[in-house]
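Listed next: structures, encoded as structure tokens.
Both complexes shown next keep subunit A, but they swap its partner, so subunit B is in the first and subunit C is in the second.
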Partner chain A sequence: MKKEKKGLLASEGIRSVIASLICILGGLVVGFVVLVLLAAFNENISFSEAFTGILTVLGGPFSAGSPHDVLFQFGNMLFQATPLIMTGLSVALAFKTGLFNIGAPGQYLMGAMGALIVSLSIPTTVVPAVVVWILALLAGILLGVLWGAIPGFFKAKFNVNEVIVCIMTNWIAANVVSWVFSALDKASNGFFINHAETKVNFIRKTATNGVATWSFGLNELFGGSYLDIGILIASLIAVALYIVMNKTTFGYELRACGFNKNASKYAGMNEKRNIILSMAIAGGLAACGAALWCLNGAQDFKWETYLTLPADGFNGIPAALLASNNPIGVIFAAIFLKYLGAGGSNLAAYTSFNEYVSPLIIAVIIYFAGASKLIKDLLGKRSRKDFVKIPDKPIVTPPEDPPAEPEPEEGPPADEPAEKTEGGEEK
Partner chain B sequence: MIFVLQKTLIFTIPLLIVALAGMFAERSGIINIALDGIMIFGAFAGALTAFFLRKNPVFVDHNQLTFVIAMLVAAVAGALFSLLLSFSAIKLKADQTIGGTALNMLAPAIALFFIKVFFNKDQLEMAPAVNSAGNVKDFGYSLKNDGLNPVFQVFFDKAYISTFIAIGLFILLSIFIYKTKTGLRLRSCGEHPQAAASVGIEVNRMRYLGTTISGALAGFGGYAYIATVANGNATGAVAGMGFLALAIMIFGNWKPLGIAFGALFFGFLKCLSVSADKISFLKSLNLPKYFYNLIPYVAVLLVLAFASKRSRAPKAEGIPYDKGMR
Partner chain C sequence: MSDRIKYNEPYAIEMRHITKVFPGIVANDDITLQLRRGEIHALLGENGAGKSTLMSVLFGLYQPEKGEIYKDGKKVEINDPNDANDLGIGMVHQHFKLVDVFTVLDNIILGTEPSTLGFLRKKEARKKVMELSENYGLNVDPDALVEDITVGMQQRTEILKMLYRDNEILIFDEPTAVLTPQEITELMGIIRGLAEEGKSILFISHKLNEIMEIADRCTVLRKGKYVGTVDIANTTKEELSAMMVGRDVKFAVDKKPADPGKTVLEIEHLSVRSRLHKKLAVRDVSLTVRAGEIVCIAGIDGNGQSEFVGALSGLEKCEPGSRIVLNGEDVTKKSIRYKNTHGVSHIPEDRHKHGLVLDYTLEQNLVLQRYFEPRFQHGGFIKFNEVREYSEGLIEKYDVRSGQGPITPARGMSGGNQQKAIIARELDRDHDLLIAVQPTRGLDVGAIEYIHEQIVASRDAGRAVLLISLELEEVMNLSDRILVMYEGEIVGEFDPKETTVQELGLYMAGARRQNGGEGGGEK
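What follows is the complex of A and B.
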């Protein structure tokens, strides 16, 4: 038993998981404290409501009430996790190369634009819907790749901090997308924007052109939710990315670049090319997430987006951090974040709190995740203390008499020191 | 023309003061990417204060006093909020970019959560208030006289009190960081903290100081932004002004004069984007508003690309201080 525990803590992967769990716990505790404080200062809210509140958040889609609603929310949670998995992968890949891709929202918007324009403008009466779907996905990814390459290019060529460039490209993308859609809509006499319904803020749904991701009955299975095979595609991409990053020379080069730029340059790698490539792929991943979301067929994309950026882009950062940048971990982290999100909407529906508790908890989790290296180090220290017995005395002592020394000092019986060492080991 | 200059000044002030905030943190060695979040938090605290003060009969008739008090509260709130960043960066030795990102997400979450709980709305309007005579009054300008000659009119007509305070603070703090002992010490911690420590400077204390000043300034800037530019609505967002300020700081090469120049430049571009339809020459070009919105961000990119050669960031920024590293 004891040995197993030591082995667990000694492994880097397990330490990351435990560190993430500690971060999550910290976030939940802070969220709970906020609810309790609110209950303490507001007469209309009782303490018991604070308890039900945190339980509702924790319950995620399961706190929906009727079994049908639970299934429905669960399906939607999985569907909404699809773009988040992709933006999480995008951020994680950039992190592995030592870059902070806070530009995922912009890349996401460009991907949505590419996918929507292609999927709506090619009539499915001429070209089969499958082909249009694939073309649309590729168009989205291509735009994302180009958009992601910009910060990479600025970083590699001009050594400008990628964070600033990413943020600028986000706002540029938001304006470009609004501009392109308003111009296209004018040019095509109102073809792109959903004028049919009373709300004109949204682009026509791709299903109106017969383009929709296959669901193979998944949506029916989950109470008529939006779930389609997009989540499977995203998961497959995550697995593929894991293999590329860990089992190929290219992935090794990217990671080496992240570990030490100068050393990888010295080893003959083209670090500038790697930076641009890494950001371009990251852009493609984020854009692919947007394309998968839009191509669902039943989603409303808000086209006049020049004042807001998509939250899923930013939430890729928590997803990646929670997963310690492990692509497989990103799948679970993304689903977990959406799980909390579903809990937040239930909270708004059933208690006097509101849905903003979820982003609050997520933000606190990130705050702790920033210090996750410290947590991991502390865990590591613990395991090392257990694993290799660190001698109390300096190592300089002559190696001849270690077993003989303690006995005379301890004095009376000979059994005690043996027991003591056991006790020491257990600690 | 005067209208454009006045608007430019209004946009410049928050950018100027928040870019200076970024400078204080980074000169002490801490990357403050959380400027945007601190602005949001300060704006929220200030708006809340103004909202409640206006319920009080004493303050209803004293708009400028309310304005200043709310501004101070915003600065204090910003300073307190920034402690979260300095704590994670100094005590926990966390990645400062991630800590800052967390704050950027935390601020809107907190602001929106409380606004929704207390007011059941998605935004908090602080501007309209009914004075004792029964008139609806805006915060309004502290000075209003259009009989002046054009040069003075830019500064002393339709001016907010925050404009003068911001300019005064900017000058004082520029002197502080360049001409005082503490300022020199603070700067040395951003360049080579180990060397600073070797002559007896407490690096961590200096970094706390730098970040706290930064937080106070950013909170003030956030309040100045919503009170003057955003019509007094705290919405849990400041339209990316914090990030723009960060870019201006880099553009200004981490120096006050450069920052002042950059803030004016981008204030002008921002002003163009909102008032393009009021300037007859631009209106005749008939370009969509998206184009003018794009310009400041594209300009930042171009300027950064050209400025990168002479750009010189504080050497030790972003690196947790480790006594053992020499």
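What follows is the complex of A and C.
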């Protein structure tokens, strides 16, 4: 079974990476065209700026003015990627089980709510901050697990499409969160909401209760950014998820259910339980991302969420797609999306283009990401053709001899050749 | 030879030196096929021999790496099925490509509807279809919905579809696999009629009897290679099978008389509701299967066999009052996993739907019901080395062929080898009861012989075997006891030594039943 000369494209993994790179390149080219068009129709913008513009986007945080700013932006990019990694993992896990978790925004909100309430209401003067931090994280995850399990339950028990239930739970979450915070705030005489002049829309920062994720100097290393060890936690979870999906019986079951529900059932797997579990874990992952973001300590969480859903929840979908649902890949996909985001801010800050252009370019790249499977398949075709140029001797032949007959003595040996010659004569 | 075959004209279709390579396997290696006008040409080969690939090349679904196709002596390029259609090549696929909720007429004209300004001119279409149907003796009801008509009529609809498009070259991909004996006879007549009218016919099959009966010539493929083309008049069934398999094949199954032991499976008053129409698909079935015997349930497709097996394996719910007893234990309400681990092996009817996770590799599929056993996992982590070793053992023992061994995606394997993989998996598990549902469907004689041997070996090892089959030959050859199922009921029990195919056929068609008198009053 040896394959001589495997082309570079023969490996599935390499094809994925190349396909992703092609997507990104395609997105940038289209983005460049957009910038050129804008320059053409706006006399205040010169053509050369289209060029510097696309380079600015491409440069991400490195397009910032000074070395200090570069460090600062880089640190914040990593910090902001943390929740996106988690929602990306959430979507990827569900995809692997054959489910579309578009409920990540709702799960994210529930996670934020759980983490904030616990981290603010247990005074660190009584309980050590570490314990509060851990309890807050767990509370967030727990709420997310429950929230994710709802669409899973409906899918498993009543075969209701999970997309519908997910979208419902998203908006229910958005309203529940606003309602709970306003009620809690009233009950506690304004303890939860930051009532400083311009901050009435935001929950108090958890740092005011002494709860903040440790940064071990990472924030100062990166120019006073928000960076903390959340990104490491998220990356570790991604690695753990990769191991669970690919090396354990649980992952084997989940993926089997995703690929073929009927065969999983036939094989005795409890496919209903697996659907609920998969959605519950997906919910927990998205919620964990929200908790890690809130527990940073210095972040403003807008509690009036009933009109909007968090973008990081939805952006988990492109992050997962860009990574072809590979948990390790999700880390890089999420960082990459935030990298482009940083480039987009710099585009608005340092060139004549306004801030609306950068999301457009990012969106184009995401569109291309949607086509990554197509590109991967095309690459696969190419490699097959390359692969075929040496077929003079068959690459693999099935075993030449038929397997030895189990009963060597039994058959009447005299008859067989006789029959053969008979046939030959007739010819 | 009759004069319908045009020996002096250029070949209707000539495929010269076709080579098609897939990763890890040469599916067609320098294959030449010459089809004369008016000829019925059989294409014979085992599963994975390259028949389907060759037809896909002819139909424009695959592009060959080497080789040319000539039509009436002129070289042609076939890049997609539309090209094939333009050249007058039509195909009846093994699994029909019909829209279930459309009428027969709508299905026939689908894709080439005659219309004026976007409005269908159905009258015209109907006239043409009715003419064709009359000329070729293809009896169909143009206004019936496809989902309501028999498989045989669906097939005739497919044939009319080709004729409606004025196709000259008609490919039949294993057309008899889904038909009853009576329908097969009818189809043979139709095919002969088509050839008389000057159509050229490619008949893909691995049923030697049919080829001997109908074909003029036969091209044999083996393991992707061209073996030869023979005149049917000058050959024998034995010679053909030797060409196809590369060795001599036994047609009759060698088996000792059964020596039934203790009762393994006891079914009492089993009734099952159909998911489709919510009526009872299985009605009050009671039977027993003892260790060391092969009990076969014969019947025409759709008489409740699928629901019966579903209830038995746990995939379907049974009605209250039903009782399934395995080794003396009531397992009616037990989970599928419980049954799997307590002595039930099940070769499912639909290998793609139930038998395999097609996106998993071969080795992953081979441990589909065992991955949780301590042998294959430790603390929830799969022991990959153990899985590899185990599957390599099974692959060798059961001769499962594939491009890349254990890591071949199941999707990329030929149908026969997929089935072999399932059989390997099911027979290797500890079992007291083997439920085999159409275990040889779509397989070639070599594989059938092998699977029959394995089933008999399982019986001789003291297992109880419940075989559900639509193939009467298989039923007669293999079973120790035959039960006929008609409309969800067991209508007769037979000893294969004392009954005939004709007698079984009458019971299968509902014309007769035991202990209930004549079946004329049935609805």
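Following the convention adopted for this analysis, the second predicted complex is superposed on the first by the 377 of 427 C-alpha atoms of A that agree within 3 Å, B and C clash if a C-alpha of one lies under 4 Å from a C-alpha of the other, contacts with A are read in each partner's own complex, and residues count from 1 in each chain.
Definition applied: a residue touches a chain if its C-beta (ideal position, glycine included) is under 8 Å from a C-beta of that chain, and two chains touch if they have at least 3 such contacts.
Quick caveat, the model's predicted, so the values are computed rather than measured.
*Asks:* Using the superposition on chain A described above, determine whether A:S188 touches subunit B (first), subunit C (second), both, or neither.
*Replies:* neither
*Asks:* Who does A:A256 touch here: subunit B (first), subunit C (second), both, or neither?
*Replies:* It touches subunit C, and subunit B stays clear.
*Asks:* Contacts for A:T248 in the overlay, against subunit B (first) and subunit C (second): which applies, first, second, both or neither?
*Replies:* second
*Asks:* Should A:I167 be classified as contacting the first partner (subunit B), the second (subunit C), both, or neither?
*Replies:* So A:I167 only meets subunit B here.
*Asks:* Regarding the shared-chain residue A:Y266, is it in contact with subunit B (first), subunit C (second), both, or neither?
*Replies:* After superposing on A, A:Y266 lies in contact with subunit C but is clear of subunit B.
*Asks:* Would you mind writing out the residues of subunit C in touch with subunit A in their complex?
*Replies:* The contact residues of subunit C facing subunit A are 19, 21-26, 29, 48, 65, 223-224, 230, 234-236, 238-239, 242, 245-248, 250, 254, 313, 315, 335-341, 346, 348, 353-360, 364, 368-369, 371-372, 377, 380-382, 384, 399, 401, 403-405, 446, 453.
*Asks:* What does subunit B use to touch subunit A in their complex?
*Replies:* Subunit B residues touching subunit A: 33, 84, 88, 92-99, 101-103, 105-106, 108-110, 112-113, 116-117, 237, 239-240, 243, 246-247, 250, 288, 290-291, 293-294, 297-298, 300-301, 304-305, 308, 311.
*Asks:* Could you please specify the touching residues of subunit A with respect to subunit B in the complex?
*Replies:* 34, 38, 42, 100, 102, 154, 157-161, 163-165, 167-172, 175-176, 178-179, 182-183, 306-308, 314, 317-318, 321, 352-354, 356-357, 359-360, 362-364, 366-367, 369-371, 373-374
*Asks:* Can you list the residues on subunit A that touch subunit C in the complex?
*Replies:* 1, 3, 10, 247-250, 252-253, 255-256, 259-260, 262-270, 384, 387-388, 391, 394-399, 402-403, 406, 410-411, 416, 419-420, 422-423, 426-427
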